[in-house]
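Scrolling down, you'll hit the structures one after another.
Note that chain A is present in both complexes that follow, paired respectively with chain B and with chain C.
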Partner chain A sequence: MIAVELRKLARRPRTWATLFLLDLLPTVVAVLLAVTHLGPRPGQGPAFLSAVLANGSLFSVAALAIVLPLFLPVAVTVIAGDSIAGEAQAGTLRYLLTRPVGRTRLLVAKLIAVLVFVLVAVVVVAGTGYLVGKLLLGGQPLTASTSVAGVTGVTSVSGSTLTAGQIALRTVLAIGYVALSMIGVAAMALLLSTFSDSPLSASLGALAFLIGSSLLLPLDAARGIAPYLPTRYWLSFIDLFRDPILWRNVERGVLLQLVYVVVLLGAAWANFSSKDITS
Partner chain B sequence: MIRSTGLTKRFGQVVAVDDIDLDVRAGDVYGFLGANGSGKTTSVRMILGLVLPTSGSVELLGEPMPRGGRRVLPKVGTLVEGAAAYGHLSARANLELLDASGGSAGRRTRRHRIDDVLEQVGLAGTGRRPVKAFSLGMRQRLGLAAALLPQPELLVLDEPTNGLDPQGIREVRELLLRLNAAGATIFLSSHLLAEIEQMCTRVGVLDRGRLVVQDDLANLQAPTGRTIVRTSDPAAAVAALDGRVEGRDGDRLLVRADDPAALNALLVGQHVPVSELVAERRTLEDVIMERTEPGADRVMPP
Partner chain C sequence: MRRGWRWLVVAAATAVLVALPFAAHLLPVAHSSVSAAQLLTRIQGSAHVQYSGYAESSGGLALPVTTRFNSINDLFGDRTQLRVWWRAADDWRVDSINLAGERDLRRDRLGVWTWDYESNTAERFVEAVVPIVRLPRPDDLVPATLARRLLSQVGAAQVTRLPDARIAGHDAAGLRLQITDARSTIEHVDVWALPASGLPVRVTVFGKGDSAPVLTSSLLDLSTSAPPASQTAFRPAVTAKVRSSQFGDIVAAVDQFGQSTPPPQLAGLRRAPLHLGSVGVYGQGVTALVAVPVPPRLARTLARQLAGTPGSVSVSSGGSEIGALSISVGPLNLLLSAEGIDDARWLLAGTVTAPTLLAAVAELPPAAGFR
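== the complex of A and B ==
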């Protein structure tokens, strides 16, 4: 069943269009940076962008930071929101269930297909970022502010130098962290997808949930609940590039996402396994 | 094959299906008849385990549903409320995905079975054309192909001829009768009287969620004890039959007589020319009109 779900995903032109668009934005940013050499001042704009002008090998992480706030969640909610509601809307859900495919099995297969998509999306964005960075930005001469870094080294966010090996390891960690954050989003969309027969409302509902969270975060009045908002620690993967690594927020982020994933998936299962299928 | 006891489904205040006891036996072509909104589809969904009953129970091929679905559903072919398929894929790709999903009769026979059912429903020539370019009738044929794919013992078909032209309806009818002759039991729901009357051996009639009739078609169409006589000399016939004529319409007489052969002998003995003589049978429509209330989809003010 998992293989079937992956085949379904792979045969949809939309899946590939989504991946293409996800790669397009960081590529455009890289091209603009390479042409203009106008990086945002340190501390402004998406993370790492000021650093990548100096050395393109950080651009894979910068690419993640570019797509993370909106593009990636939109892509994930579209795919995850479609999982059950899309079958319901097309009318194919009733034929799958009477084939029969067990309801739990179908839900798990859909979940795994979405997870694979999330992982592929994150890895592809990071990979494209790396390639584009190397090709367009890698050869840039070092600017004065980062001249402390050697030719093979990269300045960390904290200002000290990281070796290529350290960068690679930390990039892999960052990819894992971003993927986990997106699984929380996927779980929300999947839950709504079991409630609605319209994939659009499931996707938008999950997005509304995230936008609501991001709107509450900067509010002082919401400070009490801020640590429990799903997007609170999303950008904490930047801490992985500090020297030494600042683990506190990363750990909290992982824990928070795991709680969200478990609760939301549990609710999705409880609803779907006892639901009247009237679509 | 299908047996329900006290099967009831309530959606909020609305009772969609009210205490029905279905009994479909092996070898039947069972016609499940009812107006739109009378609860046919909800019943079918409960039989297949898609909708959970509020009370009562259903057995499918001897197993309680929905729990036994894993064991019995692979032997059941279904078409519920219109066919559905992935629009961007071809007919063959749709069937392959569906068959790989579960309940398959085997991976090695898949290709062969798909060729078979596409041939049976008349879609063998669609090639790589995506389903979204199909007409309504072609989609319905594809739905039927999907139902036939697991080589089922029981076919549960909800309005199978929906969207087909008269030629297509005839083809489907012949296909289903062929399958029935080969041993498959067929449960067919429809709101079309003629369709049921033409092919079913047993009939269940649903009216506002209640099963008001369930019997063999032959019993329902029992002779009424009257015979219809057509003659070129009705006056002589009336004289000869002496008060047994219940109605007269031109050269057509309605005669109280349960044995047409005896009546024929009597008339011929009296030298009355008989051009046509047949025992009157109740039509399915008569039975239904008698036992159901008018217009189930008409909503009256309280």
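== the complex of A and C ==
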């Protein structure tokens, strides 16, 4: 059943169009940076964008920072929101469940397909960012940025020099962190997908939840609940590139997303397992 | 019921997960028997205590100032996230972090390094010219540094004990400094510190009549182990732009090259000893004001900005306007004097009342620009 869901995901043109569009924005940004050599002013623009002009190899994480606030969540909610509601809207959910397949099994298969999409989307964005950064902005810093001590590497956010191995490891950790954050988004869309027969409603509902979280975050009055808002620690993967790594927010981000994933998927399971399927 | 058990499981799991973060707050706080006087002495002598941690400060003082003073707004009008490694008073590192990068300060025996990730710039200030008077920096907001500064000239009779609290995973003893000076706009300062070492871990400052603090700085993570020397040392990468500077900011430059000479006393507040620059620092602790002779060009910009700021008033004396502008931002009062020599003006700012600033500006000689 999992293989069936994965094949279904891979055969849909929408999946590939989504991945293409996800890659398009960072690529356009890289082209513009390469042509104009105009980075954002300090304090403005996505993280790492001011640094990639001197250090193209960091564009993989800059690309994640570019798509993370909006594009990536939109893509994930579109795919995850369609999981159950899409079948219901097409009238195929009843027929799916007439096969000797339990509802929990179907939900798990749908979930795994969404998880694979999330992971592929994040890896593809980071990978494309790395290639585009190397090609358009130059990959020389990994070999040419030599510190006074003779260590080759990339300048960390804290001004020290990180070796190519350290940068690679931290980039992998950042990809995992962003993927986990997006799994929280997927869990919300999947939950709403079990409630609604409309994929659009499920996707928009999940997006509304995230936009609400983002709007509450900068409010002083909402400071008390800020640590529990789903988007609070999304950009904390930047802390992986400080020296030493600031684990505090990364740890909290991981725990918070795990809680959201457990609770939302639990609710999705409780609802889908017990609801009346009419379409 | 057959359908409902799944929801019960989910609700129970949710309740457990939501309750977990609050469980830590239920841990009992060990009572400390240290007296207020002992705690004050330990706090005042805690500069040698080694530690590292993560702190956050927040303030509500959004000042109507020009870009030259933007750092003040960033520090006192917003939330600041700080990482601290403290080995000694002349060997520390404070990183001011944000979502796009960080700005670091690293102190060593020869001076200060600053690092700005977004501009890829490292700047060196050698010790011979480290300014005595300067604008506030992120390291000034570290709870330990802030507490020592606020309590530096306080006597045992001025402080009382507060209930102990658990802060950054450590039991901390509380101390309250009640301000009795009528010239001050500060009501009280609360400090919590580790009772054994005196290391301050939280500071809250309340203005007169305020129910919420105007400034809070607290450690959220704390390690009392000595940080390794490698954490505070700095060596800029080759790709970084490296500069060597004489002055950290406009105030330090004015202090050295300004032509004005502030008097030894203003509004009954004595000038800080051992400082003979053009900038006058008066008072002590939280009853203090600073008088800066602002050069003509900057003075004109400031005057325009202040005049257009809601809440600013044109100062009158004896029924007629004297060409000065003033504004209150919480407990902080600012006053820009009338034009002096070549349109230079005095900028007075402090946690003192508006009448105190008015009395002070009347005692100042005409402001002058640079030599």
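In this section, the second predicted complex is superposed on the first by the 265 of 279 C-alpha atoms of A that agree within 3 Å, B and C clash if a C-alpha of one lies under 4 Å from a C-alpha of the other, contacts with A are read in each partner's own complex, and residues count from 1 in each chain.
One rule holds in what follows: a contact is a pair of C-beta atoms (placed from the backbone, for glycine too) under 8 Å apart; a residue touches a chain by one contact, two chains touch by 3 or more.
As the structure is a computational prediction, the values presented were derived from the model and not from experiment.
Asker: Look at where chain B and chain C land on chain A after superposing the complexes, then choose clash or fit.
Answerer: By the criteria stated at the top, chain C and chain B fit after superposition, with no clash.
Asker: Can A:Gln166 be said to touch chain B (first), chain C (second), both, or neither?
Answerer: After superposition on chain A, A:Gln166 lies in contact with neither partner.
Asker: How many degrees apart are chain B and chain C as seen from chain A, counting from C-alpha centres and rounding to the nearest 10?
Answerer: So the C-alpha centres give an angle of 140 degrees.
Asker: If we overlay the two complexes on their shared chain A, which of chain B and chain C does A:Ser201 touch? Say first, second, both or neither.
Answerer: neither
Asker: Determine, for the superposed model, which of the two partners chain B and chain C contacts more residues of chain A.
Answerer: C
Asker: Between chain B (first) and chain C (second), which does A:Ala51 come into contact with in this model arrangement: first, second, both, or neither?
Answerer: In the superposed model, A:Ala51 contacts chain C only, not chain B.
Asker: So, does A:Met1 touch the first partner chain B, the second partner chain C, both, or neither?
Answerer: First partner only.
Asker: Could you say whether A:Ser274 touches chain B, chain C, both of them, or neither, answering first, second, both or neither?
Answerer: The answer is both, since A:Ser274 touches chain B and chain C.
Asker: If we overlay the two complexes on their shared chain A, which of chain B and chain C does A:Thr27 touch? Say first, second, both or neither.
Answerer: Once the two structures are laid over each other on A, A:Thr27 reaches no partner at all.
Asker: Determine the nearest approach in Å between the Cα atoms of chain B and those of chain C after overlaying the two structures.
Answerer: Minimum over all C-alpha pairs: 10 Å.
Asker: Kindly list the residues of chain A that each of chain B and chain C touches, one partner per complex.
Answerer: 274
Asker: Name, in rising order, each residue of chain A that touches chain B in their complex.
Answerer: By the definition above, chain A touches chain B via 1, 3-4, 7-8, 11-13, 90-92, 94-102, 105, 274, 276-278.
Asker: For chain A, which residues count as touching chain C in their complex?
Answerer: 42-47, 50-51, 54-55, 141, 145-149, 155, 157-161, 227, 235, 238-239, 242, 244, 246, 248, 259, 262-263, 266-267, 269-270, 273-274
Asker: Looking at the complex, which residues from chain B come into contact with chain A?
Answerer: Within the complex, chain B touches chain A at residues 45, 48-52, 69-70, 73-74, 76, 78, 80-89, 93, 97-98, 100-103, 146, 150.
Asker: Mind listing the chain C positions that touch chain A in their complex?
Answerer: Listed in rising order, the residues of chain C that touch chain A are 3-4, 6-7, 9-10, 13-14, 17-18, 21, 54, 83, 95, 97-102, 104, 115-120, 122, 220-221, 231, 234-240.
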